């Protein structure tokens, strides 16, 4: 693969960090402003996709190997469902976060929302990156000049 | 009044974009127009107080799905053949469906009506009780993650399904100790 | 108010959690399979999940056989604030069918999938399979209209993927999966439009609450449009006759094990949703004139019964023929609905189950034939009944059940359906029902003749299918006979379900306490 | 043993025989011996039921509730018992004959053949002991499906075509018409039990009665009422033992037996007589009797001629019912037994001739009687019984039918019966006459001997049976009288 | 039809126009990618309809103001729009992208198998295959009926 322009690479490197930071912000600030696990997951994935587009699939897969991504895909769902199952073990309904702190329900709600949003974030990041890897792993039919 | 004007302008642009997509045969243009459509939609959502949705639509419609579509075009073809079939049947189907929808709107409450059934039944509960019950400022998050948390689990499962679906169709699952083992399997 | 903070909380036991466990078990299994990523473990986990679901659905069935219902409040939020799982006889019955089929299909799939799909895809295959199971169970168990859509999409997406996996045998599986995806998504979107309209007029998403509010305010044009969009949207998933275009290719080119599962469960779950909305939420007696239902639905039902059967008669491929037969059989279910009586609905419910097991047996036989002959074209499966006596006999039994010969499950459905037609004084419909089963005689018997009265094709492997396929096949075929003679379970459940459904709002009423709290929403 | 056990035995022993055939598929003698023992025991069990009839009242045995309010149930009553006796008794004879035929003729797939055969017998006995229409219908269809492989046995294109017609007509009529009639009856009457005097009285009126009767009459395709008679000639491609037992006894008799049952226990004779609903059926029956006799006369293939003769003779039973008088029904009931004995003789003789000479056309059988005297004499006796001449069984049923016709003031039916007797005379006797009196110019039958003993002894037995039936017809009438008395 | 009714319903009708434009692309387009784009437009227009259900005149986004500690300051004066449709549509958007990505993956494979992504060409190839099969295995009726 042809190397991209130097400036592009430098800008990308600095941008990727910022985007990841922003993703975490969206992830954990979803309680107060628009955003949440899904949006954060997408943004996080965009960081890796950007890195991949500029530096190539091989490079990004050295940072984030495909098998890790595939585990993440599954992990998020399990974190989410696991939160609910934990509630069940505490003797409450599935996903009844209040059960974490039975004497002060809304505290439990806070932690519950945090866990499940994390679950969503992990899966969405995983899936978006995995889909990108899957598409990028195919040989393109159109060359750069065909567009 | 300004709201109405903004809405109207957004609408006109949306309709123009949609019609342009109908007529366009260059897939690249189609995808780009779709991306524009999504951005306009996101703006409309903001105008309709749905900031979370707008954020998501922008990220998904203008971001991810555009990237994926471009990727697909790169892997397949860049032009679409102009339609060769007669389009009377599609037109008929669409007109009938549209007529059904319009028929349905005739008994709908006015747009923005605070007394509409949807705005007086469940919504007040969420807007008043969630402060005490969940204590999260963003009511959308409260509903999304707690009141209707199971829907969101389902949503995550849908994403998961799509993820493993794409893997299954395009690449297959990767393992940590790959290479030797997988080549063995394929053989 | 929905939290338990005021009253001391009584810890829930495993028994209380059964409704959610029904869906949760497969839902957790799917990611677990992917996380472990080992194809030897994958099958075991999937099978375990299906087996546990079966146990759960059986326990649920036992609890609701008396006509009561169980309500499970997800997240502890009482409906309609939160999402509710609501199990009554109608959906417990369908849950049982789905989990039963899954438990039967998985052992069958072991060899069939190994034969038809490359090894590297097996892990994901079983994960997808479990997701389909999750989705179908979720669609049926839930009492929340939007939740139906979410779980419908889980099962649909996984189904599209599974159908596409037939590509290793025939590339047309890909276009079949794509067509199915487009049509399925259009259907789902129509469904969402319908839910949106309903939400607009009722302000709620809980089905029981919706029913109550609709009954309280009467019908209007928005409700009618909602009805139409939900029926058409679900009709696409059910494959009601003119909306069936995706079905033949999808069934034909999907891997055998997938076809078995889809044919036995997927359209059945959609029929259930249709029933639930038509009768529990909308209660046609006040949304529409009762007779209107008959005159709108019955023509499509009859069209399906005759047109699809006729096409089936002229097929040269066993699997494809069965696909058309499925479309025809959906006509019977629709006819039962359109008769709009307890007997008619019983017929629909019981046929849902009976046709499920019948088609399971037949499509498993198809899978066995594919394993040995490589294809199911008539000229290639000639005489295979002789070298595969057990498979051949299963085809005969399944075929008899499809025709509706007494002593088989299919007979029971036909009996109840014809009885319903007579009760409604529609003797001509009764005659048409029996006339269309004559077409089934023609297309089924043709296959039986081909299987037995010719010499086997030389290129086929002249050997009975492995036990892992034959045993599930025979459990299904045996069930066709068992449920054709002892109908206490099927007819009992179908009757209770039908009575509950025909009860309309009464059948869906919120529990008094909750209803009292939320009744004054306006 | 009590009646219940015996009925179960009678039903299950043939099923056991089927399993025996499947298990011992390769040990010929063991397999056939086992089946033979089962056949004897089955007959014994039915005889036991007969013996018990006097000292215990017959109760309904409920096996399982198939549909809400509808059971699979068994019950003993004289008409059914007679049919069961005929079917199980003739099974023994036919089994012996079948062994001779199948081995002598070197047919293949013996195990499958005898297994299906056994199932068919079980189904016939099930029909005989059914306590309601649902149970009867269940066994009726089992009988259809289990005999299909027998008809298609040879696997030649001709056999497949014949079997297709067979199955198509029988399944088609039963599902499209018979089943409809049953469900309709159930919706109208709320029950399907066979009750003396019928269950429809007062529930149905007007045009619906003949319509319902029509659905039954044509729906019971096994009764071979025209125009649904085609399956019977088509089934003649089957090996002769099948034609003999199933298409002269079990299957067709199951049809007319069902017809009688429906007439007597569902409609009730009086109900039919009062409404006059069966008048049209009488004409159809009369037409079938005459038309198929004429067709039979034109057939050169012996088995086909016998088949059309069967079609004609079956309609005697339907006619007896349609007359809606006691004598008519009694005549119809007797005809079941009498015709069974006579026709099985004829078929077995036809089979014996085929085994010995491989000829199936009558025109090729000139002078054969002198080479095969036993066979031909048995044939003669059977033929005379069918024609209805004393001292043979067939004469009684015909006599009673004529009395019934007189009772019903349908004197023209007497004429029909007479004409039919003349016709059967003209198509059956020439076979015998040719066999004994004419000689073929080149006399190709030198060296032809009787078929194997297994083949010609059974028809001799059944021929003797025809004589015995003549002598004991009074006992049979007495035995069957309760059927009619209860109907009062 | 009063003017108020007209103003109160005009956006529903505009949404319907958008929906039907998308729907028309789905059913009429021959190119598989374009079909998916149409599907997206169709769905997005439905989403707009949903969101407009929740709009309350004079309302604002359903996010409570907070003080500096992050504590909610409830203000009964503020009118909020209905948050429930927003949640539903968030879910629906995610479902939509999931469907889209799956459809695109299928298209990539279809191109590899058929070397085209035009429905007409695919139908023709399929029909040709079916004809070939019929020659080998006997005539069948009712292909894609």
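Going by the order they are written in, the chains are A, B, C, D and E; count residues from 1 in each one.
One rule holds in what follows: a residue touches a chain if its C-beta (ideal position, glycine included) is under 8 Å from a C-beta of that chain, and two chains touch if they have at least 3 such contacts.
Note that this is a predicted model, so its numbers are computed, not measured.
Following the contact convention of this document, C, E is the list of chains adjacent to both chain A and chain B.
Where touching is counted per the definition, the chains common to chain A and chain C are B, E.
Comparing the centres of all chains, each the average of its CA atoms, the largest separation from chain E belongs to D.
Averaging Cα atoms per chain gives one point for each, and the point farthest from that of chain A is the centre of D.
Look at where the CA atoms of chain A average out and do the same for chain E: the two points lie 24 Å apart. Averaged C-alpha coordinates put the centre of chain B at 71 Å from the centre of chain D. The mean-CA centres of chain D and chain E are about 67 angstrom from one another, to the nearest whole unit.
Each chain gets a centre from the mean of its Cα atoms; for chain B and chain C, those two points are 28 Å apart.
Each of residues 51-52, 56, 60, 64, 68, 71-73, 75-77, 101, 105-106, 108-109, 116, 118-119, 122-123, 126, 133, 135, 137-138, 140, 144, 146, 148-155, 157-162, 164-167, 169-170, 173, 175 in chain B touches at least two other chains. Touching two or more other chains at once are residues 3, 27, 30-31, 34, 37, 74-75, 146, 150, 153, 157, 160-161, 164, 193, 199-200, 205 of chain C. Looking at chain D, no residue sits in touch with two or more other chains. Taken pair by pair, the chains that touch are A-B, A-C, A-E, B-C, B-E, C-D, C-E. Partner chain E is touched in their complex by these residues of chain B: 7, 11, 14-15, 18-19, 21-22, 27, 30-31, 34, 37-38, 41, 44-45, 48-53, 56-57, 60-61, 64-65, 68-69, 71-73, 75-77, 80-81, 83-85, 87, 89-91, 93-95, 97-98, 101-102, 105-106, 108-114, 116, 118-119, 122-123, 126-127, 131, 135, 137-140, 143-144, 148, 151-152, 154-155, 158-159, 161-162, 165-166, 169-170.
Here chain C touches chain E in the complex through residues 146, 149-150, 153, 157, 160-161, 164, 167, 171-172, 174-175, 177-178, 181-182, 185-186, 189, 192-193, 196, 199-200, 205, 245, 248-249, 311, 314-317, 320, 324, 377-380, going by the rule given at the top. Partner chain E is touched in their complex by these residues of chain A: 32-34, 38, 131, 134-135, 138, 141.
For chain C in complex with chain B, the touching residues are 1-3, 27, 30-31, 34, 37, 74-75, 77, 80-83, 118-121, 123-125, 127-128, 131, 134, 138, 144, 146-147, 150-151, 153-154, 157-158, 160-161, 164-165, 193, 197, 199-205, 213, 220-226, 228-229, 521-522.
The residues of chain C lying in touch with chain D in their complex are 400, 403-407, 412, 414-416, 418-419, 422-423, 427, 430-431, 434-435, 437-438, 441-442, 445, 449, 452-453, 484-488, 491, 495.
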